[in-house]
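You will see subunit A twice below: alongside subunit B first, and alongside subunit C after that.
Up next is the complex of A and B:
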């Protein structure tokens, strides 16, 4: 009777060990799910950021002026302000960003980069602090020097034509 | 007692079989997840948007309205190329647009650690296409 019980116990222990190894392997592998999900979400946000910039990149003009809600119009209308201090995009552009991003639950930061001489300068137009899962997308805008006359860039030593990199950083708050 | 041992052996064998099935399924599951993760990572790191950006910029840069009226075509081409190279270098990649006005051609180059892309385009095919 004792031997029977011992055999049962030993069988139980052996089975439990084997199942433990199997379950351990299963849980080890399922831990991988978490980063994959993050990657997929990041990819979706990056595509949304890229699409937003593409929608706003409108090189068409209304008469002599670019549309205010285009990237070109936003840059040429940065007037009467000091770069890096109080320059903000115009209201129509902000409204467009609001519709494209904020209304869908995204928060964003907008930066502008350009070349001055042989170095890169940048300014932050919408200054918000990104979360660690933020993604960035860029779009390049070409403007002739005479198109930015009167803007905050007119006093700078820029190339002609001048190329601006508009960088949009998007995240879910 | 002998019958009891056989039963025990059967139990162990059956447990082993179940454990093997669970391990195989979990390995397969992990493999699929890894493959999915690698695919999404490849997609997110793919520089296709950078290349699209270069092509769109090339379309604007060689807009015939600008090129026909511009007096300093060579300088114009150099200025575009210099700025793009610098702006792309920020991201650790090489991007360039070379306007070959004499041949009415445009060369778009993009090189990163993973991708090497170079394309020669005719003015007629690309110039101002994006702006239209």
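Up next is the complex of A and C:
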């Protein structure tokens, strides 16, 4: 029997075992970024974004007005500003987003889309640049034309009722 | 190359938390998006699985917590789910798919304030201070534990707050301290919900002045009364800091009207912020009033957003 060959074989088996143990330890002690894992994290963010829009969507009124921190109240109170230039949601709405998203470490972008004449128009209300792992959620809000009189939408060529798509894009910075 | 690509996939299955995340997600969807059901032998059924008069023992049922709309939770169903978890935890796990022959997960479900964090859990509580939902096994402090959260809103929310009279029954000022008011004794900054309900004057026929003072304090501060700064202000509700009330941070004033609800949460938080309160600092108050029927409503955990009583449904699986 060739002792040298036997030694080489044993050495090969031993090194393979060491390599296997090292790989196993490596994958156990560090995060495996598998597609499954990404999907799960994104799903939590997506749920948070969708839940946020559901919470903020309240067609009920407080007296004669929509709640300022509802999606309806936010849209009808876009006043004295130019769409796409300096229109920002009111402070109460921003505070709600702060509680639901910012305080939990999320960053966000808010867009509004609607049909104007024969085309779809849009404006960015909170303009931040999403990261590649961002997720988006949408909610459709229906308002009568007379409810947006005096807002920055009056004077536009809109159908009655007006359907707004509120698009919330959320990511972890 | 094939082996290098293949190996992470093999070991990823071994990593528990990846599988756990999906289990927690599924439980979150079941509880916050489904009404639940109770099915009779004849094939008919009801969504009132929590109502023993409609869903008798022995019938097949499945627990969901909504009132028919995603994220809109029913306090009655939540209460029934809490009891079910207390009485038959293993059965609930089976219903929710967390217990089967090859796997057995543990579960904890709670309803928490939107301000709640893992380090400082703030449970949503009934007016009598018992938690609305805090059920399942104790959350382990180490190991693979997955947390999943859903924003929800609760109905009927008035069961979660106490309404306590703090008015002056006679035509002379009366003081009330938050320490003596159930539901208001454990407020922290930022305050979730505080409101005053003004019924009207105690003795409207006398024409005597009426006013309400509401003074915010640091925990343990020894207060005197809370007369509005600058003396009696007829027909005015004043919210300010310190006892006696200080001029800085600037107090907030509201004209008093009968049968009016004053939700003062935002102004209280503004004053506390200017008084340099830190997140989680205890908040106390003393109120004084004269010739006014007024009550205070507060909750240390409930937050109203867009007119809804919002909370977090938090699911832990391990």
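One rule holds in what follows: the second predicted complex is superposed on the first by the 140 of 173 C-alpha atoms of A that agree within 3 Å, B and C clash if a C-alpha of one lies under 4 Å from a C-alpha of the other, contacts with A are read in each partner's own complex, and residues count from 1 in each chain.
Just so we're on the same page, a contact is a pair of C-beta atoms (placed from the backbone, for glycine too) under 8 Å apart; a residue touches a chain by one contact, two chains touch by 3 or more.
Just so it is clear, the model here is predicted, and its values are computed rather than measured.
Counted by residues of subunit A touched, the larger count belongs to B, out of subunit B and subunit C. Judged by the touch definition given at the top, the superposed model places A:149 against neither subunit B nor subunit C. Contact with neither subunit B nor subunit C is seen for A:13 once the two complexes are overlaid on the shared chain. Contact with neither subunit B nor subunit C is seen for A:81 once the two complexes are overlaid on the shared chain. In the superposed model, A:60 makes contact with both subunit B and subunit C.
After overlaying the two complexes on the shared chain, residue contacts for A:43 are found with subunit B and with subunit C alike. Once the two complexes are overlaid on the shared chain, A:23 sits against subunit B and subunit C alike. Residue overlap on subunit A between its contacts with subunit B in one complex and with subunit C in the other: 23, 28, 32, 36, 40, 43, 57, 60.
By the touch criterion given at the top, residues 23-24, 27-28, 32, 34, 36-37, 40-41, 43-44, 47-48, 51-52, 54-58, 60, 62, 67, 69-71, 73, 92, 95-96, 99-100, 103 of subunit A touch subunit C in their complex. On the side of subunit B, the complex with subunit A involves touching residues 1, 4-5, 8, 11-12, 15-16, 18-19, 22-23, 25-27, 29-30, 33-34, 36-37, 40-41, 43-44, 49-50, 53-54, 56-57, 60-61, 66, 76, 79-80, 82-84, 86-87, 90, 130-131.
Remark: subunit A residues 3-4, 7-8, 10-11, 14-15, 18-19, 21-23, 25-26, 28-30, 32-33, 35-36, 39-40, 42-43, 46, 50, 57, 59-60, 113-115, 118-120, 135, 137-140, 142, 144, 159-163, 165 touch subunit B in the complex. Those residues of subunit C that touch subunit A in the complex are listed here as 7-9, 11-12, 14-15, 18, 21-22, 25, 28, 70-71, 114-115, 148-153, 266, 303, 305-308, 310.
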